[in-house]
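Which chain is which? They are A, B, C and D, in the order written, and residues in each are numbered from 1.
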Amino acid sequence: MANRKPLNILMIGQGFMGRAHSNAWTQVRKFFDPPLMPVLHTVAARDKQKVQEFADKWDWLNCSANWRASIDGDDVDLVDITTPNNTHADMAIAALKAGKHVACEKPLANTLDDAREMVRAARKADGKTFVWFNYRRCPAVAFAHKLVASGKLGEIRHVRASYLQDWADDSVPLMWRFQKRHAGSGAHGDLNAHIVDMTRFVTGSEIAEVSGAISETFIKERKKLTDGKPGRVSVDDTVLFLARFDNGAVASFEAARQATGNQNRNGFEINGTKGSVKFNFERMNELEYYDATTDRAVQGWATIICTHAGDHPYLEAWWPDAHLLGYEHGFTNMAFDVLLALAGKKPNVPLPDFEDAYQTQRVLAAALVSADEKRAVRLSEVR
Amino acid sequence: MANRKPLNILMIGQGFMGRAHSNAWTQVRKFFDPPLMPVLHTVAARDKQKVQEFADKWDWLNCSANWRASIDGDDVDLVDITTPNNTHADMAIAALKAGKHVACEKPLANTLDDAREMVRAARKADGKTFVWFNYRRCPAVAFAHKLVASGKLGEIRHVRASYLQDWADDSVPLMWRFQKRHAGSGAHGDLNAHIVDMTRFVTGSEIAEVSGAISETFIKERKKLTDGKPGRVSVDDTVLFLARFDNGAVASFEAARQATGNQNRNGFEINGTKGSVKFNFERMNELEYYDATTDRAVQGWATIICTHAGDHPYLEAWWPDAHLLGYEHGFTNMAFDVLLALAGKKPNVPLPDFEDAYQTQRVLAAALVSADEKRAVRLSEVR
Amino acid sequence: MANRKPLNILMIGQGFMGRAHSNAWTQVRKFFDPPLMPVLHTVAARDKQKVQEFADKWDWLNCSANWRASIDGDDVDLVDITTPNNTHADMAIAALKAGKHVACEKPLANTLDDAREMVRAARKADGKTFVWFNYRRCPAVAFAHKLVASGKLGEIRHVRASYLQDWADDSVPLMWRFQKRHAGSGAHGDLNAHIVDMTRFVTGSEIAEVSGAISETFIKERKKLTDGKPGRVSVDDTVLFLARFDNGAVASFEAARQATGNQNRNGFEINGTKGSVKFNFERMNELEYYDATTDRAVQGWATIICTHAGDHPYLEAWWPDAHLLGYEHGFTNMAFDVLLALAGKKPNVPLPDFEDAYQTQRVLAAALVSADEKRAVRLSEVR
Amino acid sequence: MANRKPLNILMIGQGFMGRAHSNAWTQVRKFFDPPLMPVLHTVAARDKQKVQEFADKWDWLNCSANWRASIDGDDVDLVDITTPNNTHADMAIAALKAGKHVACEKPLANTLDDAREMVRAARKADGKTFVWFNYRRCPAVAFAHKLVASGKLGEIRHVRASYLQDWADDSVPLMWRFQKRHAGSGAHGDLNAHIVDMTRFVTGSEIAEVSGAISETFIKERKKLTDGKPGRVSVDDTVLFLARFDNGAVASFEAARQATGNQNRNGFEINGTKGSVKFNFERMNELEYYDATTDRAVQGWATIICTHAGDHPYLEAWWPDAHLLGYEHGFTNMAFDVLLALAGKKPNVPLPDFEDAYQTQRVLAAALVSADEKRAVRLSEVR
């Protein structure tokens, strides 16, 4: 290990995603044999005391309360952005200008304008860009991608995707996630972003048109955190829309935060002419597969536990069959692929860069136009 | 039993539905104790020889090749229509004019015009009308209706409904179901009709607007039955749309005939503020129920086997717990409720009459306008 | 139909099984095209008034309060026995002596002595014998039999079978099922009989040894139906045992009436060197199948909905794909096979005669010896 | 964190379990806030080069090729044993004599004699002992324990436990796991050990008698690793037995390595008078719970995703609802409880010490006597 070239990482942010990324950069060198040696060089966040505690806990070598200064540090190779969406553009563009590689949390940005600027900066820069659509690295999802790519599903006809949660009942106060100026949107950017990315990834096709979008805020006021009085919610609780992929498939998308009983049902079903797959993150180790090319008498949905080293992506690094993986493993798997890419090698499955994430952003934007104007919207209208 | 008043039935048609209805009218008096005694009086169909054979097999007392003449028979009390959709209006209106009760297969008609005429005839007539939306009488669906009506789900927020089949791959020839002049539509009238009715029934709410509808015919040509040469398919393979219920709930609907792996997935999920239910006809004896009002530690989707006499509708007539019911039982259960209604008693759960079925018809019509004009359509536009 | 030879049936008994059999003999000629025409000739039972009402309801042509006299009737072809187990031997032997065919409910008898006498009578008689192990005719079970017979599972290694119910909590009074003199045994004869028969049927192998049997009566007293005072339960609540099949497979069996949450979990799992199957009657239309001979990457338990005409036994008679069958269909399917056998044709899957049912009876008897003597018991010890 | 007292750990072994334990001791301080600070002080293993590489990869401060010498090191507080079963006794006894705490992998030993010696040493020593029955710390299993302990299941009547795998087909060569002198036993010690421990843990009751045990080696010869020639397998492939708990419950146990389709089905079902639970490690985040005390109409098996902080053990340390945990989390959770216990605090659920693990060992030994002598064996016979 000593001989591998180090990759010095600057991570900005220390929240939920900060923990997930710190864990990934640590675990990747223990479970995999990456071609570069990730070094937890510096973590940057606003609050000096908190960032010090965070650095201690997660074994970051340094900490900083000034991300701009840290970005310009000579020894930083990769800037990993885990802060709220409205800060992504500034940080990513600065990092790219400073010649660093950038790994940015999803969604790319809160606005299409910001996203476009980020893409432009990426085109001009030497550094590589990555966006943490971590669910692509859930082995069952990566395997679904491979099944489709190998032609096992035939021609894709139907896509059904939904990301349903139920945490946001009326007892939840008016936190930043319910305010547009911080969060950009509600379930749409938080959850639809994932399923738009996943279905693009698994089908290998782009969305050409969206239609019929509905955006709804069921709970219009929540208690303010400051004084407990009612405050206005300025983001959606749910956004649904229909779509056409450019391969002709029809599709439905739904993101929701009050879909009672669905704690984290991030999933899809894809029907092709030769077979189908189904995925639900609540059973993230499983892919359901229907093979319509076998003997009709034994056709049925097969529950594949995607934990077989050799057959299922990333599993050579982990445990024996059906010794399950959890949520954070997707991040570690992605860290491995990022290290492969930075070493000039091919990742296990395609990595989303800014360009790629921008396509997802356009779909989300088109859905909002559709909801506003109550009409179908071609993706070509949204640039 | 001898003392019960007989109800003389004239059934028109002898196909798939003819079998299901004959069975229902026979079984109902064996498993239930209906207040009227159904008599399989006459079956009418075009082909003299076939209708005779059918009558022999299913114990009809008489058969006829002239439905019009039979309708006018003095001793007929109820006319049961099981013929193709494009014949419903003529038969139903004639029967109503003759003073008979009418039980008509779904969908009510192929066109909104026909449906409107049928409703007008029903309003003027003395006879009662019924439409065979048999899935309402699947005990799990009837129980879902009761749960919602009792307030156990709270306020309804989300409805997801789909009726997915996969029998129509390109090996299937150009039968009547693929021709508009006979079938009216493809998956839309055949399958969406059921889930629109079921969700209206279970939620107790009407659809106010539809949007974003997509109608697609994936397989545009099929082999003609006559000469095996390619012929044009004139109906849809799939229709999707989004909707708003007038209680504010958002909804998605999808009917498909090429959703590989889904042989008969006629189902819905409904999320309320206090709980949720899920149903899939492929496991028709089960209702999944999530109760969000209990101790959080033990909350989960519970699989209720809806076979408990006393607790689940219709089960007092059938077998002990978890001795499952099948497809045809829904028809028998409906036959029982029709007999209750005709005897002036209350059915187990509401029965759809022509007026009610017309509301479903309007939703289907609105979806077609939405698909054509690529815009949201208020139900009030469609009358 | 008029040309088919009639088969006149005398059914003895009018309880739960009387309903199931009456239904089967009626439905079989409507859904199938049997080679003989079953005629519901006479139903016999003790209570004159009740048997008359039963005959009216289920369309039996005659009724009788004297089964012995009816058995001797010249025009009876088949005697169908649905009365309690302790009456089977008398009736079956009388019927065989009178030259009739006999279809007897399971288990064959309450004692091994009775069963042996019945087998002897059958050997000497001209009539054919059948035992109503109806679950063999559940299409998923029949299909499992065919899969094993075709070699798809390879060599059988493991059998796990259990029939679990939960109706018998301490609120249930001291009905006849809890009294040895009427019922013979509790869960053992009622439930283990089915799973011993099913696993013999599906594996095609006989049990060579049983061991470790445990028989337990958790609730030792129940309220008497007469005066509500405590009365002694004289049968088991649960019986478990292990076994060896003569093909070398190891097996476990369990019958229980207080297995909370299991309303009617009559099921098995069978593991072979090439594949496995799982069945649970609570989802009776499904067979789970694991094919270990395919590509390892896509191996998983497939849920086969056994409703495909042509591929799954009996389905040509019923409904389209995934239009489910219910509990009573197994009886109707068996009625069809009995009619085939009596017409000299091959049934869809093997029919159990008295000889065959006697093997099941020996296994049950061996388990009781094992429980009493706390040791392994070879089947050869029990004759 | 700096202020917490360190706990210096010596780990012996560097195989599969060495990885799992190293990970646990690292992750525990990042995700939890343990009262002691675990220090990865020294890893000891035979091969000097490999142990150095392992230490580098997993961040152990020191490495050693001499475990005896390391045990005597003054600064070691806890000795963690992850080596093969036949080495446990020597190491554990030496460590206890040296005044250290000991955490030993399961099963306690290969022989009851060894296990007894270990218990004696533990009784005399000052150090605490722990045995890595990691599945107790799977949140769903820990929650099942709590449900039973709280009385929610009422009186326990039935226990069904099995640990089924399918990796050992005839292509697998004669590795150490198939040789008695190394492994002690096959599936029995490897897999039955876990389910005996889990069911004792969840029910809170001890096994009083075992009966009917069957031990079988289906594949009697395998290719030797050295020369590829056939060599004799000297351990079992499968062991089944029945049992009685001292609370009166009846039970079945089965361990198997050729149960095709079951990759890691480590599970149990427990039926009580008021409710039941079911667990299967292949869906380790879920506990199925049937509450028989609620309204009969809505009773059903509920799938509880055991990931709710506050309600489900250990979850306060991990991710939001339904962001699943994986296999290794059980070890990290146990590491946390060990640290609590060593700091004089109460673990989340009871920790097995040598005394406790010895009870499991006695059950395994009794099963072998039962298999040999083909009779029921009281636990009191085995000491």
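Rule of thumb we're sticking to: contacts are C-beta pairs under 8 Å (C-beta built on N, C-alpha and C of every residue); 3 or more make two chains touch, one makes a residue touch a chain.
Because the structure is a prediction, the values reported are computed rather than measured.
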Original post:
Any chains in contact with both chain B and chain D?
Top reply: A, C
Original post:
What is the chain whose Cα centroid lies farthest from the Cα centroid of chain A?
Top reply: C
Subject >> Copies chain A and chain B touch via same or different residues, half shared test >> reply: same
Original post:
So, what's the distance in Å between the C-alpha centres of chain B and chain A?
Top reply: 42
**OP:** Give, as an integer number of Å, the spacing between the C-alpha centres of chain C and chain B.
**Re:** 36
**OP:** Return the distance between the CA-based centres of chain A and chain C, expressed in whole Å.
**Re:** 54
**OP:** Could you tell me which residues belong to chain C and also touch two or more other chains?
**Re:** 301, 305
Subject >> Contact set on chain A toward chain B in their complex >> reply: 157-158, 160, 162, 166, 169, 211-214, 216, 218, 238, 240-242, 244, 248, 250, 252, 254, 256, 258-262, 271-276, 278, 290, 292, 301, 370, 374-376
**OP:** Would you pull the chain C residues touching chain B in the complex into a rising list?
**Re:** 1-2, 16, 22-23, 26, 29-30, 56-58, 165, 167, 263-265, 281-285, 305, 307, 319-329
Original post:
Okay, in this complex, where on chain A does chain C touch?
Top reply: 143, 147, 286, 288-289, 291, 295-305, 308, 310-312
